[in-house]
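Paired with chain B in one complex and with chain C in the other, chain A is shared by the two complexes that follow.
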Partner chain A sequence: MTKEKNKGNAGDSILEKPISRRDILRLAGVGGAGLLLGASGVGAILGATGKTALGAAKQSDQEDRIGFYGKHQSGITTPAQDFLMFAAFDLTTDSVDDVRKLFKAWTVASAAMAKGILIGENNENLNLPPSDTGEAAGLNPSRTTITFGVGPTFFDSRFGLAAKRPAALVDLPAFGGDELREEWCGGDIGVQVNANDMQIAFHAIRNLARIARGKAVLRWTQEGFQRTSGSDPAGSTPRNLMGFKDGTGNPDVKDESLMNDVIWAQNGDGASWMAGGSYMVVRRIRIRVEVWDRSTLGDQEATFGRHRGSGAPIGSKNELDPVDLNKKDDNGKPLIPVHSHVALARGDGSIKILRRSYSYSSGMDNRTGQFDAGLLFICYNRDTRKQFIPMQQKLGQNDALNEYIVHNGSAVFACFPGVREGGYIGDTLL
Partner chain B sequence: MRIKLAAVLLASTVVVAGCGSNNNNQANNAKEASTNTEQSASKVENWDEITGQYRDFALDQTDKLIAETDKFVQAVKTGDVETAKSLYAPTRMYYERIEPIAEALGDLDPNIDARENDVEEKDWRGFHRIEQALWVNNTTSGAEDYASQLLDDTKTLRALIETVEVEPSLLVTGAVELLNEVSSSKVTGEEERYSHTDLYDFAANVEGAKKIYELLQAELNKQDAELEGQIGTSFANLEQALAAYKSGDGYVSYLDLKEEDTKKLSQLLDALAEPLSQMGTILGA
Partner chain C sequence: MTKEKNKGNAGDSILEKPISRRDILRLAGVGGAGLLLGASGVGAILGATGKTALGAAKQSDQEDRIGFYGKHQSGITTPAQDFLMFAAFDLTTDSVDDVRKLFKAWTVASAAMAKGILIGENNENLNLPPSDTGEAAGLNPSRTTITFGVGPTFFDSRFGLAAKRPAALVDLPAFGGDELREEWCGGDIGVQVNANDMQIAFHAIRNLARIARGKAVLRWTQEGFQRTSGSDPAGSTPRNLMGFKDGTGNPDVKDESLMNDVIWAQNGDGASWMAGGSYMVVRRIRIRVEVWDRSTLGDQEATFGRHRGSGAPIGSKNELDPVDLNKKDDNGKPLIPVHSHVALARGDGSIKILRRSYSYSSGMDNRTGQFDAGLLFICYNRDTRKQFIPMQQKLGQNDALNEYIVHNGSAVFACFPGVREGGYIGDTLL
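Then we have the complex of A and B:
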């Protein structure tokens, strides 16, 4: 910009000032309308002024924009962004019409937020509160995705939808090691917001909650984080707060047939409205970090079944080396302990889920003075009964990790298939 | 005091001036309006009638406030702690219903309604100073002068309301302000920290907001029937929830509320305040 500024002339004085993307859009025809021009229209305007530096900014915006509409909802097979804001809502209305209105309004708002533009029409009227709360104004969309699902209670007697409840949307059984707290459990609706900017993620939930007033209220929320893409441009497997790599065993999201096999609900699975959707399991897992921090490296690695530094299975060199549970040490004992996390989670390798977890830190537990920190475990699977539940049953009973963690929140949601432009979230159901 | 009043009026009309910025004529008209304090807000033809009715309501509430404060003050001055305690919360309701208008009148709101630490110790007077004497010290002694001042302040309030021109924008934002009052201090039990009579204020603030809604209801219905209906339903939901905490002619102590009670009330309040904050739509853009 500095260089541009020096050769500026009276004709393009507006470009001598720092100029935001929104200003450019305004030049292009005000807010949302400008976006209708698409990249080429904006580019043409920039091109006409001969300012290519601004064109570059626009280019990166484009890369950081994940479309809201599509065959599947974004935020599931989308590579994990830096931040999470999860929120569970309870409906306060008992009118299915109200729910439909809410879903329509949420769809429009979410599509705007994914584009990085202001929500609503009343952002200039001094007599009204602005439609958009404004803290994300002018920011790069930061790969925002907003993913919606409905919980088992959505199908109780209130809306007459009991018959449409998918069999795969089961209430989770009690697992070993559960210490569930009401304040972090359940919800009629679950919303997962991800973005590479925490302020943008918060903005999304805040505005969705505002739009919902009178129809739904927040039930619980949890923010989450990982190492950012700035700190790890290579995008290696993130580490959890125990210092170990988490998510190494995830299935390849680029393998479409594998995704159809293990993530996306299919026609014929039961509830036809869920075809193309996925079942989300959320578990708030507190890590007893104080206890963990005083266990030896040897114990820590035996607990996970992996080396801390490389992420490789014990006895192997590289993170992606195969997990061979039959390998024995000199004394004939399995190299990877049978009750280690990786041994139990992997099992015979036939059960796969897509983990999309984030670390959380929620201040301090005032009763103990210890951290309330851990993992907001989120996973997607095609049928929770056949995937997450059997896996967690094994882990809950035997996982060596249980000594250091406690599950204190839990929820399941049926995440809708993707929305076609002009449609709305849940339109296959409502 | 007249100067302060003029400043308040000017400040609120500037808002009207600004909103017409996409139309120079409109903006100029609004600026002219601000000099003679006559309202020319678009869309609504009978603003004078509506604001006049609100003024009458405010005067009526103030008359009752004076009458009830008089009884309260007598009890304080005669050392009748129990009677003073029983009159405290019901008396305040007349004030709480019209709080936004009082807040627009300079120092009157702090003089009547400041809580400890809201103002400097030497300036602290009004209802809450007496509340502290009654509930914390269980005495009226030392509170007599505050009682006399309080009665004088309510009379000053009456005199000032008589002279004030109620602006449509004050009306529209006042309704939301009343609910914001509830949201920030009453639903949290911070307003009546000694007597725990917060639910009286809660109810009165809601009634004050409801009055404004009722005055604007017909106009609002013409311009946005869905919004009008949504506000009506939300008032009904909140009133119904609040009714569960009635006790005799009043309300239960804040200390009797559980966390789930205050959460529910707070969420119903937010559900009402959000659509209510859109009432400004009748002022035009």
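Then we have the complex of A and C:
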């Protein structure tokens, strides 16, 4: 059984496949030989300059397949996919050689899954368990990325790697408002799977767990979602479960020098094996949605420091208008409250992190009858000590949001640099 | 704040919006005035007959918005959307008038959500809690359907409706292999929300729960998914988490007389208020994925009675080939094992139900370290006593699948007939 994008003949497949802007360009002869369509026609369909059109075409390519190998791991500066399956693993072996074997096997499997093909060779032999569990067979790669990191406990005495622990991979201090529960904390290894399909994301973690058998076990998992790209073709900033846009202030991932400055660990940072990697912070933040839903729109906006509808800073009109904390109302009071989330998270604007969070809904809390729903906050930064920690210390103490949220899970991971083809996850360390 | 599909100007919106086959037809002048594109060009893009092209265009329309009002509730014979949020509610009021008020409020809210517009009028007043929680603002309707039913307990002494309980709304008997847990069982009211967007589905249940405050509370909820339509543009039968196609044997929802025969309750069936409604059975079925993944492909196929890759009955080639239980191998043994799932579920073919199930992944079972994942089995039938129950009795006793699954949740609901515009959910009963 080979996994194929389209099982019918070519005539069927073009009928079933959505037509992308790139297809239009191609069919129209802009990107190659194709149908005849006047230049004005192309303009009318695309309604845009050539530059924007190429941007759109590129996006349509990316939607399908994102390479696993590269300078950096994908899934960090990659525009966020629709779904998340996060898993923390604990190693059950004490042998660094076993870890190496595991990471090698995970590399091969991950590269296959990023391509959207079945894992392994034994998928048709009736006498063996199939090497791929099969629930993603026949599906597009759907922008699958699989991103690996190791937690502080990976550097304890088991593997002789204590000396290699990066100074930036600190255990997080206790923050104000933390109500952490062991069942959603820590892990020797953290794996973030993203895809535009939840079944594909689940398939990835399940198969990684299966491959790990005898070497590592699941410690905790969390599913996540945001609005799908299909229901928001304009690609607006997604809203969190509080109804507010989330991620507006993210640094520009296309600005390479900015990414080197704030996201990618650099050679001189202390742990040379991490150069090109990044530090991931995961926080499971439950939202008390029932309480939030009883507060007024005015309170909600004052809590975030932004307007709910537009996402604009309070007193401004558009989402991307600058956050000016010095603006005052007629009584001389700051328009954006000093304890609002945006005021505290932004501060003087000097600290930047790359947020890549997902909403979650995990059924109902049986003790209270309330939703167990919220945000799996994920961020990447170059040095957690200088970025996430000081930011969260301010938020934990004073954020007006704290009335409505509880941090009940927490983990940090050093996410390796990208894997070159022929190499394996973590090979710069192991 | 009005919820709009596109917030930019027309030039922006056509750039961002995927181009559907219908757009091509329209732009090409087939469906209206548009660009000039040779007839051969249209054929080359569509690669199909006019009939198929119209079918595709229709599907693209449906993808967006499904009306809430109609002869039958939507969400039953509607082709399954990508996501599910199921919720069971318990009433906390003893007043049938309160129930009526609740159902009226739910009707208005559901009709708005099916249209993809914000619920209620107070979404801009700073001094009030917003009437819509906002996390779906600006998104397409994404084929949202909201389907309501009432359980056996709705007909206890509280509301004076015991005499109106349909005979077909039976409490399910105990089945072999049941390991039911109270936390996933029962409910006075069952609500099935489907949409092509998980955030939209969550939004619906959350807002219904909010509207119910003081009248009903959540009893249990379950999120569900299948492969997204985007990752399978060909629309193949979705696979369950065992890697097998699920739903192949479903009756044809376009066959109206068949639907009247097996899905829709009829006037003469006993409870006239249910005419045009249907009985829903919900079973939370955990799959022991770790055990399943250790069984051989041969065992797996013998368990289902189908080939994993193609979905064809064992010994046949194509998914839709007829299931012939009399076919024997060279040794005279049935090709499709007698205790296989398909052999038992199908029986002599006389019992039909409409399955509308979703996979679920609800994190990890902390006691075992295993996935809490499986299938939220949902089916509709005209009379549960004659359809689901005898079928499940056979399966519970003998199904080879039982080695790998556990039924841990269960509920039944009488799903009302459709609501006419101006009416409300359950108005034929209340």
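Note that the second predicted complex is superposed on the first by the 367 of 430 C-alpha atoms of A that agree within 3 Å, B and C clash if a C-alpha of one lies under 4 Å from a C-alpha of the other, contacts with A are read in each partner's own complex, and residues count from 1 in each chain.
Keep in mind that, in the parts below, a residue touches a chain if its C-beta (ideal position, glycine included) is under 8 Å from a C-beta of that chain, and two chains touch if they have at least 3 such contacts.
Here the structure is a predicted model, which is why all the values come from computation and not from measurement.
Of the two partner chains placed around the shared chain by superposition, chain B is the only one that A:G214 touches, whereas chain C remains out of contact.
Comparing chain B with chain C, the partner in contact with more residues of chain A is C. Once the two complexes are laid over each other on the shared chain, residue contacts for A:Q222 go to chain C alone; chain B is not touched.
Of the two partner chains, chain C is the only one that A:T133 touches; chain B does not reach it.
In the overlay built on the shared chain, the residue A:N125 is in contact with chain B and with chain C. Of the two partner chains, chain B is the only one touched by A:T92; chain C is not. In the superposition on chain A, contact of A:P322 is made with neither chain B nor chain C. With both structures placed on the common chain, the touch criterion links A:S359 to chain C but leaves chain B unconnected. Residue contacts after overlaying the shared chain place A:G349 against neither chain B nor chain C. Once both structures are placed on chain A, chain A residues 124-129, 210, 217 are touched by chain B and, in the other complex, by chain C.
Taken in their complex, chain A has these residues touching chain B: 92, 122, 124-129, 210, 213-214, 217. Residues of chain C that touch chain A in their complex: 1, 6-8, 10-21, 24, 27, 35-38, 41, 44-48, 52-53, 56, 82-83, 85, 123-130, 132-140, 142, 183, 195-200, 202, 206, 209-210, 217-218, 220-223, 225-236, 238-244, 289-290, 293-298, 300-301, 308-309, 359, 361-364, 366, 369-371, 373.
Residue ranges of chain B in contact with chain A, taken from their complex: 15-16, 18-19, 22, 169, 172, 230, 233-234, 267, 270-275, 277-278, 280-281, 283-285.
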